[in-house]
Amino acid sequence: MAESDAERGFERFITFLDAIVAIAITLLVLPLVELTADVDEYDSVNALLRENRSELWAFLLSFLVVSRFWFAQHDSARHVVRWDRHAASILMLWAVTIVFLPFPTALMAEAEDNATTKILYIGTLIATMLFLAVFEGYLRAHPELTDADPEHDLDPVVGVVNVLMLLIALAITLAIPATSYFPILLLLAAGPIANAWRRLRGGGPRRTPVGE
Amino acid sequence: MAESDAERGFERFITFLDAIVAIAITLLVLPLVELTADVDEYDSVNALLRENRSELWAFLLSFLVVSRFWFAQHDSARHVVRWDRHAASILMLWAVTIVFLPFPTALMAEAEDNATTKILYIGTLIATMLFLAVFEGYLRAHPELTDADPEHDLDPVVGVVNVLMLLIALAITLAIPATSYFPILLLLAAGPIANAWRRLRGGGPRRTPVGE
Amino acid sequence: MAESDAERGFERFITFLDAIVAIAITLLVLPLVELTADVDEYDSVNALLRENRSELWAFLLSFLVVSRFWFAQHDSARHVVRWDRHAASILMLWAVTIVFLPFPTALMAEAEDNATTKILYIGTLIATMLFLAVFEGYLRAHPELTDADPEHDLDPVVGVVNVLMLLIALAITLAIPATSYFPILLLLAAGPIANAWRRLRGGGPRRTPVGE
Amino acid sequence: MAESDAERGFERFITFLDAIVAIAITLLVLPLVELTADVDEYDSVNALLRENRSELWAFLLSFLVVSRFWFAQHDSARHVVRWDRHAASILMLWAVTIVFLPFPTALMAEAEDNATTKILYIGTLIATMLFLAVFEGYLRAHPELTDADPEHDLDPVVGVVNVLMLLIALAITLAIPATSYFPILLLLAAGPIANAWRRLRGGGPRRTPVGE
């Protein structure tokens, strides 16, 4: 019963985290909503949309990124059968970066070409990835907390490749500002690259029923 | 156990989506709340209410629309017993349109007679409907993911009729601007029309315990 | 299985409604947060707090009211074992009034002595109560949807008394503006009055494990 | 069945409270998001970040504090097997303080050196702690509501030490304004101090699988 108690406790915690992510992802629309208050300052609604393309793009990019982060966390957390305060603390640090993301997102919409903005935005994404990687590492080091097969379910390659992609994206956007935030889409290549790497080492792709 | 694992995973995902919809529907009130800050600019509270009728109407219309979308999604998702990343991706695209909706809603309140606003608002609704139709189509093509009876539970007629109604509504409001956003209420006729169509073809009405 | 399916469907709907209420109750703090942006316009933080007492009072009153509404809805909904689209529609109408409440709350903070504001605020509360009463009436008329003992669990007296108290509160505050929104606290007397009435008729108090 | 009914009712209530906490913790980012609207008033993004360090610090501190409060509440509530309206009312009072916290947080960001701000912010934290302590006291006085071992699970020492730490923090920051809000970090010492105290009295540390 203590076992199932701990499991329910963790489920309640994960539901709490999910609610936080759901709110953060929905708050991303607020800067767009606030735009509409100034509609009279524009020649037309078309002009408003055209001159605020970067707000729309920032919204879509952050929505994509946060939903990928949610799936990645889901993939890791579903193997947890017990938890302890360290696992909880690592996931709360992960949550700080998710809750914080609407700030660099809004900054990106206002001052997109600024190097500090780019470092803050991509740096936040890297922090999210790193905390999740630390969480998976903690699970690998404490097999009593999971029912995962570490080799297949918690392989660190995916996390490493994701962070590498973001570091490369940051280098590209700082070196060639005209690329704007497009290099972040390198993230989409992280899954295939990680699987290719694993195959090279003789393993199959990481088992991921939904996320990557 | 893998089965029930996948089922719980999907339930967690659906709870996550529900939270997103709940937040998006509640954020619809924010433009109204912000109105109150300018109460001193109006002759009276009555004047504030009168001059911002379009904000109140936009709030009610979008609340109605999002709650119908939630019931429609509930109707489709309750048949899912397994999931895969494609099903998840389609539902996340559906969620983008829900999270985005407060933006055209606020725009509608500020510049309701504008053709671009109308296209953006109704276009977002059509996108929501289309992604749900794609999701149902995906379930029909992958019967191993559902316990649905495709004939009765995932019949595409409802989705098709909903999209048709919205396209007609868009045509009417663009052709006769004085109709404002009232043509959207054609959506209320979509359920009865779909059932009539099904009966013509010799089937019963689509089984829907709650939504339509 | 159809049975348990319907039950789970209703549970998912109730969780969705709970999320909406949780968000609406938390959004009540936003007008307070926005106050802080103007702190420089005040002589001191003390002055800001003093001159915005009505904002603080509006926050507390609406928090109290919404939490009572949640308990009242919880009391009714826990007897539901099946649902249909009418029950769902009535509860969605109930939810509109909850989501709308932050608007009259913010209006009350800005223009508290205005008769229109008072009618809008208390009128919204009455609407919430009425929709819940209609929901309970619908359950009484459809005993197949509940496992309730209508006599003890769905007695209409509580709803009637609550609406009466709010109508009296509205009359008092309109007749004697100096009473401000304090008459709404008559709601706190609704539970005891309803129980006294029931005892007069020879029944025991309504069974309510938590709400009233 | 009545038993399990009461248990499910409490679980629904706790999920409702968790959603409130999740929203309140996520709203903490809004003052940061609003900063970005004024980015043109600063020399650069770097200047914006530098001149609003107190906003960033307020965000992180309140995130830390609210997440600790959540874990503390989780620790108390997981022992509840039944509930009554008093237990529910105490937890709703706890929730008021959580929902209110974004207001003193935003005030702290705008007027951090003000004594009233400090009293309001730390006073809110003390109120949160006190309501949780009252809740635990209520559970100790009503053993029929819990499956807890009062000696190990609901020992009042932790609550007392937490409140003491906050009172000391308030005294320090008022006496030595230069310490700003750093004394609040004394909270981090509350767990170890409580355990040391318990050991002095011959007991083991309080059993807390995750929170402290």
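Worth a mention:
Which chain is which? They are A, B, C and D, in the order written, and residues in each are numbered from 1.
As a convention for this text, a residue touches a chain if its C-beta (ideal position, glycine included) is under 8 Å from a C-beta of that chain, and two chains touch if they have at least 3 such contacts.
What you are looking at is a predicted structure, and each value in this text was computed from that prediction instead of being measured.
With every chain reduced to the mean of its CA atoms, the largest distance from chain D is reached by B. Here the spacing of chain A and chain C, counted between their Cα centres, is 38 Å.
In terms of their C-alpha centroids, the spacing between chain A and chain D amounts to 27 Å. Shared interface positions of chain B, i.e. residues touching 2 or more other chains, are given as 15, 19, 23, 27, 30. Viewed as a network of touching protein chains, the structure reduces to one closed ring of chains, two contacts apiece.
If you check the complex, the residues on chain A that touch chain D are 5-6, 8-9, 12-13, 15-16, 19-20, 23-24, 27, 30-31, 34, 83-85, 88, 92, 95-96, 99-100, 102-103, 106-107, 109-111, 114, 116-117, 120.
Taken together, the chain A residues at the contact with chain B in this complex read 14-15, 18-19, 21-23, 25-30, 32-33, 35-37, 39-40, 44-46, 49, 59-60, 63, 67, 70-71, 74, 78, 208-212.
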